[in-house]
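Shared between the two complexes below is chain A, which has chain B as its partner in the first and chain C in the second.
Let's turn to the complex of A and B:
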């Protein structure tokens, strides 16, 4: 590790530790926003690990997330809670691998459609099962509090950052960067690009499923339309792009302002949320194609250039 | 002489167009083979078939006796075929050293960490670019981008090197440097297929030549003999100035 790397890791650890203190100083409302921010941080950061370098836009977040909530919903009466999280992660990773193997050879457009369809497909399957068995939804009754959920999410965020950092330093990470720059060159350099993409896609799959499993107790009553809402997938994409996918810490820079903005918007116009979500998506893609990270970098480059002339 | 690479009946169709038509030739170890012909005669397509960028419509290509035709490009690269592209392809988000490390980390002979970095530095020295190791590739001159790409292909220690018009677009001084660079590779005993239009380069670098026209092989043999073959002269004169 170089000196700057040690500094970055120390800074990240300090920020996470500070974030973990929120429940001690905040009221219930602020804590609920904290949970939302932590949740989207985890989802958007892991999403960007895959979609940033590969440029494949995944709308499968809701599928994995929904499966995770159902793992907790169905398993909580039979298995200890701490076991449900890795089970959800494993199921998410395996499903992501299967989806990846089936679709990542296709072009980006097919991948987007397929991942969007996946959430709907899983939702329909569960609805169908529930119709057969005659039950509508699931009650998740636990002693888990909002604080517990928050801390678990902060812990998961630490794990996601650590994973992203470890991947970045590994051969896999180098392969991903090459692939992101030029897939043809990657293949001719000897990189199995299909395998790299599948491996990488397993990360957001597992993370979104674990996130769903962690959040299930918060919903108390879960049904397919809540667990698999496509809005979740779109929000993750918007926040990650708003922050920028070029850096590991990029998405969080989008998550925090967007969460507050969204809180205000959806409170004021509760019936137009889908429309407004679409609009914010367009605004971000047109005005900030590389997100806040890109904006900061070009500002820094400009300053450097000016200093260079002086 | 051992045969490293051989093509038998290699054919590539694009719809109705037969870009490479029933092509046969062998490349011996330590040989520099010139693959020449007028524009659009199928040279790049032939390299694409060998490197796995394209699948042959029919025919077989084998590397040291085992068939590689139909394998994906990454498998062919790992078995020891490395190439440059007619239009230089570098990795824009990385610096010069990282571009070359891409070849060292994932090529035929794989390295990692300091080992890969040292190998990449050695390749940069070989192409005369060691002082630009940390430069972003966007700041390079045209010939230097070509050097980086060459260093990247060398970094994985390939058995066969495919160079697609590596000397094209260079000014006279650069051309001289470029020719002596490839001559150095030749003197190291590398096996190279050189697609080239520059006649001086072909004369001074190639042991043998295969000449293509409209996808077919029209001549093959010692460079001097092939270049004075009336049919070859005709093929060149028929389309453009040679």
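Let's turn to the complex of A and C:
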């Protein structure tokens, strides 16, 4: 590790530790916003780990998330809660690998469509299973509070950042960077691009499933229409894009302002929420195509250039 | 002189203003305005919120131990998303400092919000939640109340009605049963299979179709080929209409024709007119009760739309429980009002509501029927005013 790297890790650890103190200083309302921010930080950061370098837009977040909530919903009566999180992660990773093997060799468009359909596919399978078994919605009645959920999410966020950082430094990360610049070149350099993409895609799959498993106790009642909301996939994409996918810390820069924007819109305009959210999606895509990270970089470049002339 | 009179009038007006200076209660309401359940909420939930606030303010507000409280509604759209319901209830509790929060809409959204109501001590008297798990829920959330009824009660009512018709020799033994493959449809079908068998009915056709199915004709044709005496569909709003439409096209000749959710909607009668006559549906009201008729007229006058003949009245009745509990407790303190709700029975639009040991209202309408252009209750678990069922006689 270089000196700057050590500084960066120390800074990240300090920020996470500060974030973990939120429940001690905030009221219930701020904490619920904290849960939202932590949840989207985890989802958007892991999403960007894959979609940032590969440029494949994944809309599968809702599918993995829903599977995670069902793991908790079905398992809570039979297994200890702590065991459910790794199980959810494992199932998410395996499913992501299967989806990746099936679609990641194809061009991006097929992948996007497939991931969009995946949430609906899984939802229908669960509904079909309920229909033949006569099983009803699941109740998750636990003693887990909002604080517990928040801390688990912050812990998971730390894990995601660590994973992202470790991948970046590994051979896999090197392969990913080349692949991101030019897939053809990567292939000629002897990189098994399909394998790299599948491995990388397993990260957001596992993370989203674990996130779902953590949040299930918050919903109390789990049914397919609640667990698999397609909106979730789009929100994760838009938040990650708002922040920028070029840096590990990029998505969180999008998640925080977007969560407050969302809260402000749904609090102030209860009758036009969806309309205004749609408009803000458009504005973000048109005005900030590279997100806040891109904005900061171009600002820095401009300053540098001016200094060069001086 | 004129000046003096004017001056006096002004003084009097100011004095009157000071005397009747009114307090305001902030009441929260969270429900879907967008998303999959927005349609149902627009018929059953939101107009009642508007009507209830209008009714209270029109009579000068709530009388709390001599002080008049007007109500002010703060409403949020939860987008049919439980995470948004949770956020909105949190916001109402902490940011808007709502004095009371009306129950959310639907089973899932009510239960998602239950921990928040519980934590802040808000009573949650639900009107559209339907659960078979009341014992566990009420021990975990002591301020949660269920009023709408459960699947086995709904199905039990239907089986009883049909059994009585069979004993009277009006219908035969065979039933075609279909259900929408989604939460409530599955639950009803699951309760119905053993109930029909136990009552000695023969299920000659049993199938399901996915939520959102566009073409329902194979289902109805399959049922017709089985030549049943009765047709029972545990359906949702879109397919309730589609199944009826298709039954008319196929001229499905049955003595009992039953569809579930939305049969009690005014739009159902509006769409099918005389052909709806004899159609049975889930839930009901006593449509001939003057109190209901007066409510329906007021509902239409204030909101511009007719109420449905099942859940609308139940939603309004639960709002009345809040109203009566606040006045009865003589306090706007949540804990006092919650205690009052737990300890009392309430005279509401649908009749007396009282609680069993699980904070559950055991008396509700289970089956209704369109008769001469009016949808009214034909079976209940303890409500007054059920009329005798009639046979379905063709689709003309």
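Operating definition for what follows: the second predicted complex is superposed on the first by the 296 of 310 C-alpha atoms of A that agree within 3 Å, B and C clash if a C-alpha of one lies under 4 Å from a C-alpha of the other, contacts with A are read in each partner's own complex, and residues count from 1 in each chain.
Definition applied: a residue touches a chain if its C-beta (ideal position, glycine included) is under 8 Å from a C-beta of that chain, and two chains touch if they have at least 3 such contacts.
For clarity, every value in this text was computed on a predicted model and none was experimentally measured.
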item	value
First, second, both or neither for A:171, with chain B first and chain C second	first
Which superposed partner A:263 touches (first chain B, second chain C, both, neither)	second
First, second, both or neither for A:274, with chain B first and chain C second	second
Contacts of A:28 with chain B and chain C, given as first, second, both or neither	second
Doubly contacted residues of chain A, that is, touched by chain B and again by chain C	none
Chain B contact footprint on chain A (complex, rising order)	171, 174-175, 177-178, 180-182, 184-193
For the chain B and chain A complex, residues of the former touching the latter	51-53, 72-74, 77-78, 82-83, 85, 89-94, 101-103, 105-108, 110, 112, 152, 156
Contact footprint of chain A on chain C as seen in their complex	33-34, 36, 75-77, 79-84, 86-88, 90-91, 93-95, 107-108, 111-112, 114-115, 119-120, 132-133, 136-137, 140, 179, 181-183, 186-187, 189-190, 208, 210-211
Contact set on chain A toward chain C in their complex	27-29, 32-33, 36, 124, 127-128, 130-131, 134-137, 139, 141, 215, 218-221, 223-226, 229, 231, 263, 266-267, 270-271, 273-274
